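Residue numbering begins at 1 within each chain, and the chains themselves are lettered A, B, C, D and E in the order written.
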Amino acid sequence: MSALPIIAVWLGALALNTWLARFDTRATRLAVALIFGATILILWELAVRLYAIPAVILPAPSQIGASVAANTAILWTDFVQTILKGALTGWLIGAAAAIATAIAIDRSPFLQRGLLPIGNFVAALPIVGIAPILVMWFGFDWQSKAAVVVVMVFFPILVNMVAGLAATDPMQRDLMATWAAPYGASLWKLRLPAAMPFLFNGLKITTTLALIGAIVAEFFGSPTKGMGFRISTAVGRLDLPLVWAEILVAAIAGSLFYGIVALIEKKVTFWHPSQRRQRG
Amino acid sequence: QELTLQLKWVTQAQFAGYYVAKDKGFYEEEGLDVTILPGGPDIAPTQVLAGGGADVIVEWMPAALAAREKGLPLVNIAQPFKSSGMMLTCLKESGIADPKTDFKGKTLGVWFSGNEYPFLSWMSQLGLSTEGGPDGVTVLKQGFNVDPLLQKQAACISTMTYNEYGQVLDAGIAPEDLVTFKYEDQGVATLEDGLYVLESTLEDKAKVTDLVRFVRASMKGWKYAEENPEEAAQIVLDNDETGAQTLDHQVRMVTEIGKLTAGSNGVLDEADYQRTVDTLMAGGSDPVISKAPEGAFTHVITDRAFD
Amino acid sequence: MTDAAAGGGVNPTLRGVLPILTVLLAIVVIWYGAAVWMNAPWVRDQAARAETLLTTGDLIRQTLTLERPVLPAPHQVAAGLWEGIAGQKITSKRSLVWHGWVTLSATLAGFAIGTVAGILLAVGIVHNRAMDQSVMPWAVASQTVPILAIAPMVIVVFASAGITSLLPKAIIAAWLSFFPVLVGMVKGLRTPDAMQLDLMHSWNASRAQQFWRLRLPSSLPYLFASLKVAIAAALVGTIVGELPAGATAGLGARLLSGSYYGQTVQIWSALFAAAILAAVLVMLIGALERMTLRRMGLAR
Amino acid sequence: MQVARRSETAIAAKSISLTFPTADGPVHALKDISLAINRGDFVSFIGPSGCGKTTFLRTIAALETPTGGTLSVNGMTPDAARKARAYGYVFQAPGLYPWRTIAGNISLPLEIMGFSRSDRAQRIARVLDLVDLTGFGGKYPWQLSGGMQQRASIARALAFDADILLMDEPFGALDEIVRDRLNEALLDLWKKTGKTIGFVTHSIPEAVYLSTKIVVMSPRPGRITRVIDSPLPRERPLEIRDTPEFIALAQQVREGLREGHSYD
Amino acid sequence: MQVARRSETAIAAKSISLTFPTADGPVHALKDISLAINRGDFVSFIGPSGCGKTTFLRTIAALETPTGGTLSVNGMTPDAARKARAYGYVFQAPGLYPWRTIAGNISLPLEIMGFSRSDRAQRIARVLDLVDLTGFGGKYPWQLSGGMQQRASIARALAFDADILLMDEPFGALDEIVRDRLNEALLDLWKKTGKTIGFVTHSIPEAVYLSTKIVVMSPRPGRITRVIDSPLPRERPLEIRDTPEFIALAQQVREGLREGHSYD
């Protein structure tokens, strides 16, 4: 019975969005995404209130909002520590390492056969296992978090990059051969451009992995700031609205991060069919 | 009658009493079917209790009182641990001899997740800032083990007399090379490992009877463990699903735990309670609790259990 | 006939294994060096505390045999692994096979849920404009929620509903693994070129026909690359899910309890067991990929 | 009967224009194209490269939406005609699906349109024979030569009985002899079925030999410069190419073409 | 001087055969091909679709390795010649790089071969004009028509001065007028530079008009059935196509072709 308002809101929003999506302008696109989000928030608020879910299990969005407003300074410090220092640095280093490795592997069939299986293996080491070790090695501050992120993002980017470097069209390769293009030239001018759609696939997936890695690594030791630190201590104090405020910041930062990478992708791989407005 | 107990930490001799009571059939004798859920670093037992995942939890009083202020009405029904096992363990070579003068500028490892309150109030008593700098201390959120001390990433780390301290020794550092500061000695000890339930549970007559039986059987377990450390350790080992513990370590832990439970028959000593509340209210710029709690404990259960 | 042409005299198995062995050997050598280097400070400290003198030989011997090394030597890990895998009855709580199985079953369940969810969402996004515009940003946001933070809540919520063991862990695994599948599939499903789509269009193929006969086949290379990432992610998710489930069974619990008690070798053995598991799973998907692509005539 | 009631005009274009927006300004691909094609016509489009032939064919098939003008096909919108599966389309490049064999590629539209398995097998065999690819059904596209791929794509469009056949330079990659053979086969098919055919070619003799109507286009922007109705009879042996009528017609087309070539 | 010392034979093939292994048995694409091409020859290859023209051209360019026989190019192995950048190759399909504009595509081999920036710009402008694509340098391949793409790919192969030009049906997608123009331009280039040219076509007049040597091939397995040396002078105005010599030559080629067509 009490599910009625929830279903009503949901159906209403669904109808509104389906209608809006038909226009497909920049404004409606934004509106659709926002309405979708707003709907989830409203449903959440409704559910918490209707079913009287205790705040220590799941706080309502309104409580989370209040907590964000009250803790801006803390949230900012944590953001800088975890995302800017830990996640971003680690992601950049990890991506660079993966791309370099992919190229090295691509060049040498020997390395490809030797490194790829072992690379799979090393990179599949679960974070929760390596985080304590890396904290032990690199200390408590953000460096160890960046190290965790490096290890986490390496494999997905590597796999995609290797697939991408192999994804050239036979005729395009033959052309390079007729010009006797040296390895460097066919790498720069054929394989790398052709690999970009795959590479960005990997880069996009790992933006979110980087955040998770940096935050989770803080559970295993950290200075007294950072999003992971705050989340674990706040859970201990049952300050769930603060926990969710941090989660909210993480979600916004992650979406932005993803969005920026997607935007760069659009610029770089404008020629790929998935980015082009199809003929017709 | 079914009852679920949520522990504060992983299966280890810290909870020997409960495992002994279960294995030796003390619960069964009382007509109880007790499920013991091990905890872990990410488990907030208070949250499990609020979510209905457990009937009784083992929790430290600072965390319990903090939760109470957050609106989760926890009540202490029994206190098997008389004294605190928490201490700060430092390498002698770090040059720390006296807390009043030597902590300045040092890095200290502290457990968070609700266990940081006694430390914070200690530091505020010493007049030390916990924000780092030459006149304060740098605080690290310590992980789950004693590596920061062994790797010299911190001058001192938090240890429990019964567990982490032993691990430091096991690692090969002699007691002579260490300096320890027990919270008991520093006058900032708070009550650990009490049994807590929700207020609403106490309103249920049948449940109260179960709890009475549970506490009685648990205390019987604790006393049995005190007297038979080897057997208790073996029982704990049998209950550890990860197969990670070693018998030696658990025997030592039972022995050390025995020292903490020794002074308690399960009844909460109101003087200890008051001291804990005072310590927490004094705590630094960010006091854990802002006003003295009301009704945070009850003697109803223990009175009926040990009558 | 073909083999003779390609073989070039060298035994083909040897050709496959030789590079791996070479790289492996290099890693082991570097590893030993690192172990000596990283464990040396502790050994020196201990010697200083005991006021004994240390020869280089002693130093090396001791760094490679420590009980709680900073970095255990390869043979220590190997011994730990061997002990965990072959030294126990597989039903024993100390057996890595037993813990590995606990983890594997949840991983596979989570991977299955995640893959299905990822593919379904991708199909929705590619075919439904409203979904395209609304789901993706929130799917991204979902991945930025630190799972380790909400994992306990998931476990708590499920536990209060009386569901324990495999499912909560599998859900967390699925949570992590659906995303790579989603991203890869959306890209893959949009990969067919204009002419291929136009043809379908001119035949007035239904969306389902377009999906099964064009979009799906051309998305497979992307899908498989994503699946490899997803299965590794599912394993990570399961292990994360095993932490707050209380230190019970599974490689994650094994890892963490090793960590509580400072048993470095146990951590590394569990870690390697997990990594071996992941590598095997990834290789299985790779084999599936080759098989599929060959059957589709795409492997040239 | 169905056929009798439908309008005689199969394709009616009125002042069609089409502009592609590109980064450096709009490209006017079609401008003010008006054309009526009757049911059963064989219309060839000829004109210099880049003049908009492909674009116009695509517009007819509802693969491109005109930015101006109106277009009706079989009395419906092009899109409705598409939904009624009125079109068989042969693209300028083969466009075979690489994960399907040649037979699989031909089978694809048949599967989509719900032909039975046995019917499919029979049709595949028939069209493979028509384009002289019998025995290559099991090969993958990249195992065939360029001309063979092109023939496979023609076979694919002929396998189902579309009302309107649109072919974009289908015989460009074929030698004279095969081309002649296929030209005859196509004429044969056209006569037997009364299909409406739109055909892009660069070969003047081919256009004249096949068509009932020849549309000459000129580029930048794409316009129609001449529409020539062929006086040739429906029955056309290959030798008709040596008749004076044929040669005169070809000359007419050549002139039209030359006019359009801006750089002459 | 370098040139003087090199052998007069540019390409020498002795009993070349090439077999593709496929799932359903080997395909004999070339069988026992022997041919000598002199420096400065213009050789056309003509033959039914699938007879192995592309395969032979690829073999010359070291893109395919013969399974039998020997092949030497400029007195070296084909691979050494490739490394010495002896080849300009126009593939049967345009094969443009989608992430580069037309100008960027033409520039690519020039960049690889280390031409200076200004030299590149000049060459690009020249060849774009040659194929009548001036003004389209900034467009991306997918924004061009099929014929324009093909012309861009021809421009790309002409932009650098390869010793040997291999062209696989370069003018297939072009109309008669552009084709004539490009034929003349190609002849002009050939006369001026003395390049050796290998040229695949399906048009008999085109082959006769351009070549000094016409190689007629027949399929399954791909063999050479006739090699016709052209008596036509090097200087060839378009009108030469109406001379009796020309027509006789064309007839000769047509016969050779017909012989090879198994299904006639």
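The definition used in the following text is that contacts are C-beta pairs under 8 Å (C-beta built on N, C-alpha and C of every residue); 3 or more make two chains touch, one makes a residue touch a chain.
Quantities reported herein were computed from a predicted structural model and do not represent experimental measurements.
Chain centres here are C-alpha means, and the one lying farthest from chain E is B. Chain centres were defined as the mean of their Cα atoms; on that basis the chain farthest from chain D turns out to be B.
Look at where the CA atoms of chain A average out and do the same for chain D: the two points lie 48 Å apart. One simple way to say how far apart two chains are is to compare their mean CA positions; for chain C and chain D this gives 53 Å.
Taking each chain's centre as the mean of its C-alpha atoms, chain A lies 38 Å from chain B.
Among the residues of chain D, those touching two or more other chains are numbered 58, 62-63, 93, 142.
Counting partner chains per residue, chain A shows two or more touched chains at residues 57, 132, 136, 170, 219, 232, 235, 272, 276, 279-280. In chain B, the positions touching at least two other chains are 41-42, 44, 47, 51, 143-145, 147, 151. Chain D makes touch with chain E in their complex at residues 20, 22-24, 27, 46-51, 53-55, 92-93, 132, 138-139, 143-148, 150-151, 168-169, 172-179, 202-204, 254, 257-258, 261, 263-264. On the side of chain A, the complex with chain E involves touching residues 169, 171-172, 174-182, 185, 189-190, 193, 196, 269-272, 276, 279.
Here chain D touches chain C in the complex through residues 58, 61-63, 82-85, 87-89, 91, 93, 95, 97-101, 108-109, 111-113, 140, 142, 160, 166, going by the rule given at the top. The touching residues of chain A, counted against chain B in their complex, run 54-57, 132, 135-136, 139-140, 218-224, 229, 232-233, 235-239.
Remark: chain B residues 41-42, 44, 46-47, 50-51, 63, 66-67, 70-72, 112-116, 130, 138-145, 147-148, 151, 153 touch chain A in the complex.
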